[in-house]
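What follows is subunit A paired twice: with subunit B in the first complex and subunit C in the second.
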Partner chain A sequence: MIVKDAVCPFCGCLCDDIEVEVEEGRVVAVTNACELGTTKFMGEKRMKNPILRDGDRWKDITYDEAVRYAADMLLEAERPLMYGWSGTHGEAQCVGVHMAELIRGVIDNTSSVCHGPSILAIQEVGHPGCTLGVVKNRADLVIYWGSNPIDAHPRHLSRYTRYAEGFFLENAFRDRKVIVVDVRKTETANIADEFVQIKPGGDYAVLSALRAIVQGKTDTIPRTVAGVTREQLVRVANLCLNAKFGAVYFGLGLTMTRGKYKNIRNAIELVSELSRHTKFTISAMRGHYNVYGSNEVNTWMTGYPFGIDFSRGIAFYNPGETTAVDILARKECDAALIVGSDPAAHFPRKCLEHLAEIPVVQLDPYPNATTAFCNVQIPVAVTGIDAEGTAYRMDGVPIRTRKVISSDYPSDEEILARMYALMQEARER
Partner chain B sequence: MTELLVKNACVIDPLRGINGETMDIAIRDGKIVEEVSDAAEVIDAHGMLTMPGGVDSHTHICGTKVNFGRYMSPEDMRAGRTPRRGAMHATSGYSVPTTYGNSYRYSVMGYTTLLEGAMAPLEARHTHEEFTYTPLQDTMANTLFDGNWAIMEAIRDGDTKRVAAIIAWTLSAVKGFGIKLTNPGGTEAWQWGKNVSCIRDPVPYFEVTPAEIIRSVVEANELLHLPHSVHLHCNNLGTPGNYSCTLGTFGLIPDLNEKRQTLYATHVQFHAYGGSDWKDFCSKSEPIARYVAMRPQIVMDMGQVMFGRTTTMTADGPMEFNLYRLHHEKWSNHDVELETGSGIIPVIYRRKNLVNSIMWAIGLELALLTENPWQCLLTTDNPNGAPFVKYPEIIGLLMSKKYRDAEFATIHPDTESRVPLPAIERELDWYEIAVMTRAGQAKALGIQDLGKGHLAPGADADVAIYPLRIDEVDPSAEYQKVIDGFSRTEYTIKRGRVVARRGECVVDGSNATFWVKPKVSENYDMGKDPDFIEKFDRYYTVRMSNYPVQEEYLARNRCIETEAEL
Partner chain C sequence: MKVMLAMKPAAKWFIPIEAESIVPKNFLSGTDLLVWRGNRELRLDEVFSVSVEGDADRSEEVEVVLSGDTFRLKRVGEYMDGGTITVLGGIGMHCGNFMSGGTIEIHGNADGWLGREMAGGAIVCRGDAADYCASGYRGGRKGMTGGTVEVFGRAGDFLAESLAGGTVIVHGDAGDMPGAEMRGGTLVVNGNCSRPAANMKGGSCYVYGTAQRMIPTFRKIGTVQHEGRALIRFSGDLANRGKGNLFVKGYEYLD
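For the complex of A and B:
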């Protein structure tokens, strides 16, 4: 059987044109997906059933036992943390918010270690953006800044920019210019029309210089700015000003380097400035396929995209205080539920030391680095493969992922709903 | 079977012509009935003002841009917070509350039906997801067609039936309710950073004018027999002198429907400006109101501005950019491929600001100068003119000249020479307020036959009981009592259940979403049209099979099937 128009649950591109060939309940071939997506669809070895740490060994337990363990752990905790959420569907994220509210916990998603600073910048100056199709059909200039789509979002170039057909472009490949700005010559830089190499930590200065040129203050620019010559800066500014439609896509190379959210603020303000002359947009290259959905769900339910603390009953948001890394580093949290992410692979050592000290339950189909820190791990169906549900693409377009095979694994939503029901029951008693 | 009897209610029910009669309201299984058994639960309304549940025919509560308003505004989220309590979830936000915040606050004011004013088809799923978390009101979404490529191409080809067919396919696919045009043509031009100035400017590349878009879509709307008329946000919003553009637009509209208006013009306050620039900016509410009075085919809503902080959000991207250049606050924009756009900026309307003071006056003038309350409905274009929690104050202003004068004394002193408001003596009565906040809105939306906006047997048992005795309160003098009364119902009943009581929401409800499915002949099924499919595949970034909103997003819903003339 071939499933058409399946939705790839890997990166924020959320490609929805995947063909998946299924035989005897297994994925045997994948067409249209990139290597990252294909690997995910083909699957690795999944955990068979929930497991409980028993001294140095793992003991198999039932789903009922695992759900009960998690519910009790969260009910008994004084400062529970519920972290992750970017690798699951929106319906599960909604249950998570209700759980956090009920037990007055902290709910945070992986934005706090990826595009959190981008969100802070947007909260200061806003976000002139658009859907990916607007760029595909119109943009004659695309700038990748601190992002390397060939590695991280392989089909971004073919679906939306460099190699994409565009309604208003006669010959899209020829008529569309691509600029790459990065600290090293990446794979993506090799296919760019213009490569701007910045000395590490120099993004803020380069953005400021471009803003000055756009404002007509070229004479204030020194001969080089963070390793970029004035000539190149002027050339880039002119490419921007002369474009009919320009689009900036930035990645963690801008968000998580020196300057952090100030870099993003500066980039957004450059785009707002350019909008006075021509059409320009800017957007983040979001990583997980549904990290943006987690921001969206949290926002309509609590008012904030990430880092929400319900300890005083109301939703309280203060990134740097109410975000997972901070709560772990301060050793505040006394139980953690991890859903759809792998913090052990990304968090600072200090946080992991504390994670090792407290009870941890993880919902994840596969053993991962966080498994080593778990007291219980509950394998679940993979959204987009054996579970369906809503995901938000990096540009905010919501797409319902498809179920391409059936399995006996419960979805994240089912498991969380069972936990929540037990917790509600206990609280009403 | 559950039964409820509301006794001794002082009922105003304009769609049935009932004005202040003391009567009982019998409810069984969520519907109004003739009578109930003795076993029915009884609520004694003690002569309190009782009306059909409030209907907001133009508000922004759910979807991509609303949520982005929240996302970019932690300062607004902090400005309105409540914890989880009883049946109520935690809420945040003042001008753009969370979905629960919207739902609870509307419910406490007696509102039971809400129309989201602007849903981009591509992002419809998001609106429906938020509807699910707006539990205490029935919901429906106006769907944006202002910059739709396929429609503009069909208009260019002079094919109104094809326009209708595209609308039919899209509404069914995205589970939309009605047609919204926001700055028609302007949102497409804005994807090049341009705009159209009024109805005769051609849209770049597509070479159709806003006037052609409006005319064709109005005709298409009637071919499809949709319950609601075209819902229009005119071109050129918010600019001095735009009233002539508004009048020109109204002049395009024939009278095509016996049951309701042919055009719903939204937030007309923002389109009733005189002057040639901000220096000689003034009110043109009088010509607008006069023009509408002569044309029963037009219904408008106020789009009242109230002083204080709020967030503006609209599909009108270029307008928001202009506003950003005036205010220099943060600015978000979100263009949607092949369809439409949107923009958001926070604003503060200040009493000390002359332009803001004039805007405040214009909204009130439109309501007071429009003789027939069925033609001017009470809205703030929530949250653009003000958050909906200001409705009770607006009611107070409309019912009391004394209150208006007291407020007028606090605004910019030059306002007097720019607006007719101080000379207007009219004070609206309870009945007119009932028209403007529920009956008129239900009629304009075309949902009265679906049991909304009235209390006749068979209607949905959506009832608002306010702690107001209309025989004892003199709204002209005791306007504070009016404001307090409309701010907090004694009971809000939704589908036959008490959902709010004296400011507390008491159940975790579940709404119903109303959507429209026009039935068209095979030839006009765009899902099978090769040209439509080919362009969809080439230029959208979502596959056509993944575009329609699936049944999973409609927990409880009412599909309105219409017989299209196609």
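For the complex of A and C:
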């Protein structure tokens, strides 16, 4: 059987043109997806059933026992942390927020370690963005700043920019210019028309300089700024000013380097400055397929996109204080529920030390680095493969992922809903 | 009146305690106050050994002295409008948030957001202050609007972010981006710091040490004498059409 228009649940491009061939309940071939997407569809070996740590061994337990364990753990905690959420569907994220409010915990998603700074900047100066379709059809200048789509979002270039046709561009490949700004010559830099190499930590200075040059204040700019010559800065500013429609896509090279959200704020303010002369937009290259969705769900339910602390019964938001990395590093929580992410693979050691000390339950189809820190792990269906649900593409467009095979695994939403029901019962008593 | 609060050792010592009820005014009507440890509400005397000497009619006559392991005690002195709080050790985040009067003195270090969005009064920190000292809140346009914050140690990153009024003095070094987005008020860093006054609109920022990684969009005006020091005066941030003043002893670009 061939499933057409399947949605790839891997990166923020959320490609919705994938063809998946299924035989006897297994994916045997994938067309249109990039290598990353294909690997995800083909799947790895999944965990069979929930497991409970028993000394230094694992014991098989039932779903009922696992759900009960998690509910009790969260109800007992004085400051439970519920982290992850970018690798699951919106419906599960909704249950997560309800749970956080009921048990008065902290709910945070992986944006706090990727594009959280982008959101902080947007909260300061707004977001002049647009959908990917607009860029594909109109943009005659695309700037990748601190992002390397060839590695991280392979089809971004072919579906929307460098190699894509554009409705309002006569010859998109010729008429569309690509600028890459990065600290090293990435693979994406090799296919750019202009490559700007910045010294590490120098993005902010370069962005400030560009803003001043666009305002005609070139005379105050030093001869080189963070390794970039004034001549090149002027050339880049002119390329921007001469574009009919420019689009900036930034990645972790801008959000997670020195200055963090101030870099993004500066980039947004450059885009606003350019929009006094021509049309310019800016957007984040969101990583996990539904990290944008976790921001959306959290925002419509609590008013805040990530790092929400319900300890006091109302939502309090303060990244740097109410975000998972900070809470774990400061040992400020006493239990953790991990859903749809693998913090042990990315978090600093200090955080993992605390994770090792407190009870941890994880919902994940596969054994991963975080498994080593778990007291209980509950295998679930994979959204977009054997579970369906809503995800948000990197440009904020909601797309319903499809089920391509059937399995006996419950979805994240089902498991969380069962935990939530137990918690409601306990609280009513 | 002197209120002595000595922190009791707790089993779950790592869970932070939010204690915005600890402001001098509240002690005029007794010590029957509540604080929060995580999601649990506790009586003040479950967390502290409380003792009171003398009495008072006005906040100004109240002195609160905090001792013990208070580095995880958050929001002490929030909305304080008079009186004195003395912290013998270190203090947790958000100490003196929104305060409009009175004095807070911290003998140890202060954690993040010391004196956030402060409008008046004085904070003295004898140790170091962590990030976002005398700053604003996420997404806010104005940070501190009045009063003074003086730090004798060093300050972390984003000191006095969005400063709009009042005075902030740091005797040691400051971290990255002190005075970012500042629009008014005065910021003085006695030591070194990196990227001061980024994107400033107005106000004055003084760096008596070296401004490292100086933002390239400040226009050099010349040398001025200031309190016995020769300082280089810049105006900016031009990128933000700013008209602020930045005075530095020395500076280096990331060129």
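The rule we apply is simple: the second predicted complex is superposed on the first by the 429 of 429 C-alpha atoms of A that agree within 3 Å, B and C clash if a C-alpha of one lies under 4 Å from a C-alpha of the other, contacts with A are read in each partner's own complex, and residues count from 1 in each chain.
Note that a residue touches a chain if its C-beta (ideal position, glycine included) is under 8 Å from a C-beta of that chain, and two chains touch if they have at least 3 such contacts.
Predicted model, so just to flag it, every value in this text is computed and none were measured.
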item	value
Touched partner set for A:167, first subunit B, second subunit C, both or neither	first
Partner chain in contact with A:202 - subunit B first, subunit C second, else both or neither	second
Partner chain(s) touched by A:124 [first = subunit B, second = subunit C, both, neither]	both
Which partner, subunit B or subunit C, touches more subunit A residues	B
Touched partner set for A:317, first subunit B, second subunit C, both or neither	both
Subunit B versus subunit C as contact partner of A:244, first or second or both or neither	first
Subunit C-contacting residues of subunit A that also contact subunit B	123-124, 310, 312, 317
Residue numbers on subunit A that touch subunit C, as the complex places them	77-79, 103-105, 120, 123-124, 199, 201-202, 204-205, 207-209, 211-212, 215, 217, 220-227, 258-259, 262, 265-266, 269, 310-312, 317-321, 330-334
Residues on subunit B engaged by subunit A in the complex (per definition of touch)	62, 64, 67-68, 70-74, 77, 81-85, 89-93, 97-101, 122-123, 125-126, 129-130, 133, 191-193, 205, 321, 324-325, 330-338, 341, 344-345, 538-543, 545-546, 550, 552
Subunit C to subunit A touching residues, read off their complex	12, 14-16, 18, 36-40, 72, 93, 112-113, 131-132, 137-139, 141, 176-177, 180-181, 195, 198-199, 213, 215-219, 237-241, 253-255
Residue numbers on subunit A that touch subunit B, as the complex places them	4-5, 7, 16-17, 90, 94, 98, 101-102, 119, 122-134, 136-138, 159-160, 165, 167-168, 244-245, 272, 275-276, 278-281, 295-296, 299-305, 310, 312-315, 317, 390, 392, 396-400
